[in-house]
Structure formats: C-alpha cells, structure tokens
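In the two assemblies presented below, chain A is common to both, partnered first by chain B and then by chain C.
And now, the complex of A and B:
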C-alpha cells in the first residue's frame, strides 16, 4: 500500500504543510528564537542590540516589582485553584444527581466563560466600586480588595469551565461500583470519597493544572480590574504595584515609562516561559504516571 | 426506615438541592443584570447607586447607547466590524490550513512532519508574553498589521492546539477509506478535499469554537500588532474608554459592554451543545 499511497501525497507536501509552516515560523518559531536571543541583549530598537550576557537576568531577579509579582501570582494561582476546583466539583456533583433544571443550571454556570477578560474586568470593577464606595473606599486603594476581587471574578468565570470537565468525569464513574457501595451500606460521604473521587482523578488532574496555569498566565482580567494598583514606593525610589501579576509586570517592563529596560523585559519573559512550561511538563508527568497504572 | 420513607427523603433532598442551585443561578446572573440596569442609568448615578433600578431621574433611556456609538473618539461599529472580520478570517484560515497539515502529518509521518508536530505541541505551553515583543515587531515588518492580514499571525500562533486536535482525530480515521479513493483514481488533493475533509467535521466544530472564543476576546495580540488609531477590536475599544480619559462615562461604558456581550450570549445559547463539547475537547490546553 505504501508504494501507491505515500509517494503521491509527498509530492503535495508544499501545499498541505506549506501555509501552516510559513505562518508558524512567522507567528511562533522566529519570534521565539529572537526572544531568547534578545534576552541576552541590551536594546531599545530591535535593529540595534548589544550582547550583555546574563546581565538582564540578574537585573530581572533583582527587580523588587518582579519578585513581588511572582509571589503575588503564585499565591493568587493557588488560592484561585482551590476555590475554583472545590466549587466547580461541588457544582458538577450536584448537577449529576438527576435533579430538575440541571441543564438550565449548567447553561447559566458556564455562561461567564464566554465573556472576554477585559469586559469581565470592567463589569466587576463597577460592581466592586458600587459596593466599596459606600464605605468610602475603592478596589484600587487596597491590595486585599484587589486580590479577593480578582479571586471572585475568576471564580465567576472559571467555575463553569471546570464544572464541564468534572461533569464529563463524573459520568464515567461505573454505575455498578456506586451500586455495590450502596449495597455494602456505604454512606453518601463514604461513596463520594472512596468511590467517586478516586474514579474522577484524571479530571481532577486536568482541572488542577488548567486553573494553575491559567492563574499564572492571567493578564486581561488583571489589567482591567486594577491594572496593578495600589502602588508602594520602595526606599530606592522604584515603585511596586501591589496587585500586579507576572504577565502584567512583563508587559509594563516592555511598554512602561522606562524604554531602556526592554532586554530586562525579555529576560523576565523567558523566566516566565520556563515557569509555565515547567508546570506543563509536570502535568504531562502526572498524566503519564496515571495512564501506566490503569 | 421503610423503602417509601427513604424514597420520600431522597425526593425532598433533591428538591432542596434544586432550589439551592436555583438561588445560586440567580446570584450568578446578577453581574450581567447589573450591567443591563446601569446601561440605562444616568452616568453620575452609576457609581453611587450601582444596584438601584434606573427609575425617576436616574433613567437615561437610550442616551447611553447613542453616546456610546462615538464614545472614546472611535466609532463603536467599526470595532465590531473589525472584530468580526478578524475572528471569521482567522478561524477559517486556522480550520482550513491546520486540518490539511494535520492530515499530511498523520499520514506521511516523516521526520519533517514529526519536527513540525512536536514544535506545535511545544508551542502550546509557551505563554504569549514570551513572544509578544518580537512577534509584534515581526508582524510589523511583514505588514501583517491590518485586520485582513493579522489572521496570518493568529494562524501561526494558534496552530499548535488545532494541529494537535486534528492529528489526534485523523489517526482514528481508518486508512482503508482513503486507500479506496486512491485506487478509484483520486489524487491526494482530491482525496483530502472530497473524502477526508467532510469526515473532520466534529473536530472542525470543536476547533472552530475554541478559536472563535479565543480570537473574539483576545486583547493583547491585536493591541500590539494593529495600528490602534485606525483599527480597534471590541476589547481594545473597551479598554481605551477607560485608558485615555481621566473621568469615564460609566453609563456609556456599560451600554457598550452590554452591546458587546449580547451577541456572545446569543451565540452561546444557539451553539451551546457544540461549545460545551468543544471546550471539553480543548481542555488539554491552559
């Protein structure tokens, strides 16, 4: 078969692979390579660069705003992960009990997922300011408001998303296992923790990593809700935006006031990439391990 | 407990659960309702009486919507137009070209194919900030900075997930169908377009939904690539309402937000089944 089938296709390789490969080089491969290279350079314009070795990385790690945004992002990602997954699982569990109106509820819970991050940010900033202005304050004035505001926003958006994945997982739990647990006299709680949850572990792994990476990569919502405010002025005169997350910090390093720091911005971007890709590899490892066991 | 009693208890439990979920649902749509009521409210009351109904002197009628049309020194309908152009073109390009490439990759499986495939998988874990600066410069140099050419950038940056999903699906299609077509005298191009392409429909819908949701809501890529004075998409337009002025007309902003989420919600209600399926299928990516 190979002789008559494979060779004619190969002659058309330029047509099938060409467009995607060309666009992929423009949209990903070249910018990626150039990005790695520029992280070792000092530059204002892309045409005029000078090699500085690891100086940009050293500057990035010394930058108080970057270090702050890392810890802030990590804390945010973990707290939002817990809330989103616990509530999303609870919603999925409730909606698979065969109650009336399940479909309607599912539709409503998933709906915020389609609204874009920028729009979401402005909707919630109006709501939070509507509440906080009664107490003479604003979401832009306190770090804790910005933090919990973003958690609420992300829960509203993401619960429906993980809920869909959990529902799919819950539907694969073997009926006879649940039946057997019931006959053996297991309580609802026992069945949930001993039968249901071990069976939906694949979905739990996916959702955990999804919300973790989403938390780390968050940009639009962060920009629209607080844009990093409020500020703290450091003893050395630099400012730290207390609700600024990693992605926004990188963006501000590139396009902020100080245009000389583009190399540092690119170095931060590479560190950010290593962090996010590392999480991706970790997820792969977890998924593989589970596949072997089954 | 007798069997009937336990059944009654079970039913009571379900009813309570249903009512509780119903209440949560109402709370869940409140943010959207808040947008609706504030889009009809006079600007000065939006901040002070955010949760009040727009009655009496607070009622602004449709003036927020009329004002919103030209608000922010940019016509709102232009941003809608460009959002539609970019989303439709990008999604069409991605579906057509990545499905072609995926078929070739899955069937030929040469070294080149493997390299492209693994690069695509790799690109899925790369955050946009990593390439944001260099990508926008590259796009600028190649004049990909208009709504008609930016889809090429989307095709490049978004190819990873689409190729990944299509390759997975093509591998599940039995080879015999294509062999039969080939024996009947179909060349590879005809085999692909008249035999394989129609069979890819389920994955095309999933990929299409994911790409539409991504491109329509994307802010940073078009913001960095397009010439902002000339071309704005809806997210850029909305961001600029707040960005460029000291005092913001919140009433008009809410009117525009309402106008921009209505089509999304209508689209969702019509294609709900596919959207939920597509999202579940694309869950491999963050």
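And now, the complex of A and C:
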C-alpha cells in the first residue's frame, strides 16, 4: 500500500490532470452554469444582466415558432435516425461480406463526413436547385423539399460514419456462433436477425444515440440549405419559418434585435439541453436493455 | 532536482499565459471593429502605417458580411473591447448608444464639414459620426444603351426605362447583351432589393407625409408598393436570368455588368472602384418606378458608416482612438486611401473623391432633384424583416401571381408593424 502512495505518478497526477480539468471547467462547466443563470436574466452583454425570473421561459414556451421548430425537429430526427441507421447498417453488412474493393468503398462512403456542414449545405442547395429549377421551383419554395433535402443531405453525410461503427460491430460477431447457426440450418435472414443483430446491439445503441442527438442538434446544414425558408407569411405580417429547426430557432431568437430576446434565446437553449439530454438518456436506457452480454 | 524543474516550468507557463495583459501601453491603443469587408485590406494597411508613424497599437478586426451585430455583441463583452465601432442607424443608437461616448466638441467632431450624417441619442448626445456617405440606384452602361439604339436621355422616368429595358431584353440574342444583370435572392445579393430598392416605397411615403422620418414609424401605408413592384418586375423579367432561378442565387451580377452582358445593375456607389475599370462610362440613375414627377428624382444618399467611440474604454484609449480617427480623415496619404475605398468623406481636410457615382448624386442634387434619404435604415428588426421579405419575393419570382404579390405586400407592410412591435415590445 505504501508503495502506491509513494508512486510519483500518483503524487503528481493532479499536475497532468490539471490542464484537462481546467480546460473542461473553463470551456464547459463554467459557461454551462453561466448559461443557466443567464436564462433567468434580461441582458445584452453577459457582464451586465438583470434578473427577471421565469419570464424568459414563459416567453419561450409561448413562442409559436419555437413550438413549430420543436415538432419539425422531432420529425426530422426520427426520420433521419431511421434512414441513416438502416442504410448505414446495410452498407456495413454488404461491405463485410468480402466484396472486392471493400476498403475503397469504406473510404469513399466515409469521406462526406469530413466535409463541414456549411459547405455541404451550400453544395447540396445547388444540386437540388439544379434539378428543381427544371420544374420551375426551388428548395426554398416548398417545405417538403426543404425537409427531404435535409434528410438526403444528412444521410449522405452520416451514413459513412455510422457504417464504420457498424463494421467494427460486425467484426466482433463471433465466428463460431455464425458457424453454429449455419450448421443448425439457419437461413441468411435468420442468421442476420437472430445472431448478428443481437450481437451488434452495442453498436446500434451508439449509432442511434448519435444520430438522434445529431438530428436534434443540427444547425449548420439547416442554416446553409434553407435557413428556415419558405416562410409562411401570416396575415399580421409575422412569419413562421417552416424549415427552421430548434438550434437555428434559438440562434435567430438570440440575435433578434429586441433587447429582451437574448434572455429568451438563452431560456430556449436551456430547454433544448434538457430535451436533448433527456431523450439521449431515455434512448440509451431503452437500447441497453437489448444488448447481449458476451 | 526534478521537482524544482517541474515547479519552474509551471511558473513559466503561468506567467506566459498571464503576462500579455500586464504590459498595457500608457499611450493607449486602438481597436477598430470594422463592418465593411471591402474596406478590410485598406484598414489593415492604415493600421500598420499608423503604428509605424506613432508607435500606437492599432488592431483592426472586420466582421464577416452580415454578422456585425453578433461580432460586436461578443467583442464588447471582452476586457479589450473595441474602442472604435459602428453605430449605423437609429436602431443601433437604441441598442448601443449607452456604450458610445458623447463626441460633441471632440477633435474628430471639429473636423466634420456637415452634421447631416451624425446620429444623436434621445438626450442629444452625439453618439456616432458619419465618416463617409454612399448612394445607390441603378448603375447603367451608357455604351450598351447606345449600342441598342437608345439614348441616355430616354432614361428620365419609369416609362422610358421600361421601354429601353424591354426592348433590349427582347433583342438580347441579336444584341449580345441583356437589360438587367441577375437579381439573386440569396444572402449576398437580396439586400439590393429588400434593403435598397424597397427604400423607394418608404421615401415616397415620407414625401406624402411631407417630412423625413426622424424615428421608426410604427406602421406603413404601403401606398407605393405598386411602384416597387413596377421596378422589381422590370428587373427580374428583363434579365439574363430566369426569375425562377433567383432564389438560391449563384449568379455574379457584378461580373455580368462588367463583362458587358447586361446594361443595368442595381447597386451602389461602393461598386464604382470595381466596375469603372471595365465600364469607364458607368453612371447611376435613380429608381424610376412610375411615381408622378419622378423626372425630378435623385439618387438614394445616406450612410450607415458612422463611427462611435467606446464610452467604457480607458481615457488613454479614447484619446488614442480619436487621434487615430483624426489622422484617418486629415492625413493626406491615409485619407487618400480611405477616400479611394469609401468615396466622399464629409470632413474639412478630406481628399476629394473621384467616385463617379457620388459625383452623379451631386449632379442630380445640383439640378434641383430631390434626394431619397435612407429611410431603409429604420427597418425594424432588420434581419428578420428582410428575411420575411426575401421569402415572399422568392415565392413571387417563382410564380408572379397577384396572390403572391399580396404576400410580398404583407411581408413588407404588415411585417414592418409586426417587427416594430417585436422590437419595441
């Protein structure tokens, strides 16, 4: 026992942990606490604030655009989760069957993930408009085009990423189990659903978790592809941005020019955090149950 | 030994991190948060020149196009906040006025030759002073007009403009050029229509009321939306680009005009440096839109380029900043660089501008034409307001129906009232 305490790594550990802990506190913990505090304030600069209690939260929940963007985001997150994971798994499954050139395909599928969201958004807006303009319309003119456009974009970007995780998962499926299934006369479909999938459940957990939270947190691609357009111009002149997702709604609220809007934006951001964290935890709990312990 | 070394290294690290702020110069420093990306290069050069001449540190940061408010918000919160920033309109005065020192009686205020572009707050404090002014309208290539068999004299009202533009567009294939350059509706271009052209609606409302606005009106009448439609329709329907392709943009209107592919280009005096090389005779005409008596219309003159000095900067920094401003407007070499980029600067010792479009503006005024002031500077919640208008215009460009124009009207007129209420609620 004595030896362990004398161990210099133990004694000096704090020095090595220090920078990371400090960075974590400065870059995450402190802004997070401050963010929660600010959501109860009216402010323009974060160094000059005045306390207003729950007023910002009330305003945020009353805001029709926030509610709209919530449902829109929820729909988007679910649809994109299904598409990304089904297609990503299919790609991973196909590429672990020993096809020639699998490595090349893996690289190619993974590459879109290396391009930044803003760039992707603009590139895809050109692609979509190149097609849609033949029909005299544009991605900015129809909500459904904006929605499916974003789904296609996100699939294109994310499939390669989840595919890599699924490939890693598929490679851990024990050979002897597969062989046993084969000997027992299981068909390919039976093997896939009864043996392979239960064994890659940990990967499925990770991937669905990632794509769900990514779907909810999406910002860059949304901003660059449609920025919320088309708007529904209501008779009173106010607008509903039909393809605006939660994060963009928060951003637009924060930088609205009303001096009270920063606090409201902040309150929305806190609600947003609670939502994403809650959903993530729920989903983790749900999928964990189905994991097989090897 | 190792322990000592570790401690010594840690100390060095801590000092290295903490020190830069410990050596603040006594003679103050300048931090200019610039909002015109096209001025950035010149501003950086001037900063270097000034530091070489006087030893005073000048830092210039330019916010990316359309993100000035965001950048200003975050920069103002820092310890080393901008000492020189932009308050360009009354909404800005309301938002940032308390952060601006009263410039009345300062050396820079004494350099001004007019009060016309200054902004005051409710208490009469001079919060920001204009450093240049600009004008916008329709840039014309007279050579192409003549090549098409018309003359500049025809462009004296909407009827004349319409005849010429429609004729050129009809014969575009034969002539090898079209009437208007593209009117893209993406973020890099839509402001020409939702920020500038719409100004004609506001200004004619002002003229109907008989006085220019001194504060943002809560509502608009929309009496001149039809005139806005006249000119907007002319632009999108007699152009190189199909109106249906404007929503996401991607066309380069400036290049189209410079290369002689289009005779008209909706833009402003800041384009002079860019277009005068290729189109030396380029000139600017007013927004003719079918209003009675518009033969006497002039250009849209005004500015959003107004400097404010940070009230909360140290006295040394304030002084250094004002000295720097005075140098910018009075030093012959420095000022020449500024004028080249910005056009006319309203200061006693400023160099004369060779900006042809600003000279056009002056010529119209000299002819007794009425000037369009920049009423557009009062747009409430400007980004949101314009975004709504862009969305409505997109729908209209795709399908030019009356119903869609009604939406444009709603966005422009009712949208004004809604955003006014939101901004002042």
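Worth a mention:
The working rule: the second predicted complex is superposed on the first by the 245 of 294 C-alpha atoms of A that agree within 3 Å, B and C clash if a C-alpha of one lies under 4 Å from a C-alpha of the other, contacts with A are read in each partner's own complex, and residues count from 1 in each chain.
Everything below uses one rule, namely that a contact is a pair of C-beta atoms (placed from the backbone, for glycine too) under 8 Å apart; a residue touches a chain by one contact, two chains touch by 3 or more.
Nothing here was measured: the structure is a model prediction, and the numbers come from that model.
By the touch criterion defined above, A:12 reaches both chain B and chain C. In the superposition on chain A, A:264 makes contact with neither chain B nor chain C. By the touch criterion defined above, A:111 reaches chain B but does not reach chain C. Ranked by how many residues of chain A each touches, chain B and chain C are led by B. In the superposition on chain A, A:129 contacts both chain B and chain C.
In the superposed model, A:235 lies in contact with chain C only, and not with chain B.
By the touch criterion stated above, A:46 is placed in contact with chain B and with chain C alike. Contacts of A:141 after superposition on the shared chain: chain C is touched, whereas chain B is not.
By the document's definition of touching, neither partner reaches A:150: not chain B, not chain C.
When the two complexes are overlaid on their common chain A, residue A:256 makes contact with chain C while staying clear of chain B.
Across the superposed pair, chain B and chain C both touch chain A at residues 12, 15, 46, 126, 129, 133.
On the chain B side of its complex with chain A, the touching residues are 14-15, 17-18, 21-22, 24-25, 28-29, 31-32, 34-35, 38, 46-48, 50-51, 97-98, 100-101, 103-105, 107-108, 110, 112-113, 116, 119-120, 123-135, 137-139, 142, 144, 152-160, 163, 175, 178-179, 182-183, 187-189, 192, 213, 216-220, 234-235, 238-239, 242, 250, 253-254, 257, 260-261, 264-265, 267-269, 272, 275-276, 279-280, 283-284, 286. Listing the residues of chain A that touch chain C in their complex gives 12, 15, 44-47, 125-126, 129, 133, 136-141, 227-231, 233-239, 241, 252, 255-259.
Put simply, chain A touches chain B in their complex at residues 1, 4-6, 8-13, 15-17, 19-21, 23-32, 34-35, 38, 46, 91, 94-95, 97-101, 104-119, 122-124, 126-127, 129-131, 133, 156, 161, 164-165, 168, 206, 209-210, 213-214, 216-217, 219-220, 223-224, 247, 250-251, 254, 262, 265-266, 269-270, 272-273, 276-277, 280-281. Per the touch definition, chain C reaches chain A in the complex via residues 6, 10, 69-70, 73, 76-77, 91, 95, 187, 242, 244-245, 247-248, 250, 380-384, 387-388, 390-392, 394-395, 398, 407, 410-411, 413-419, 422-425.
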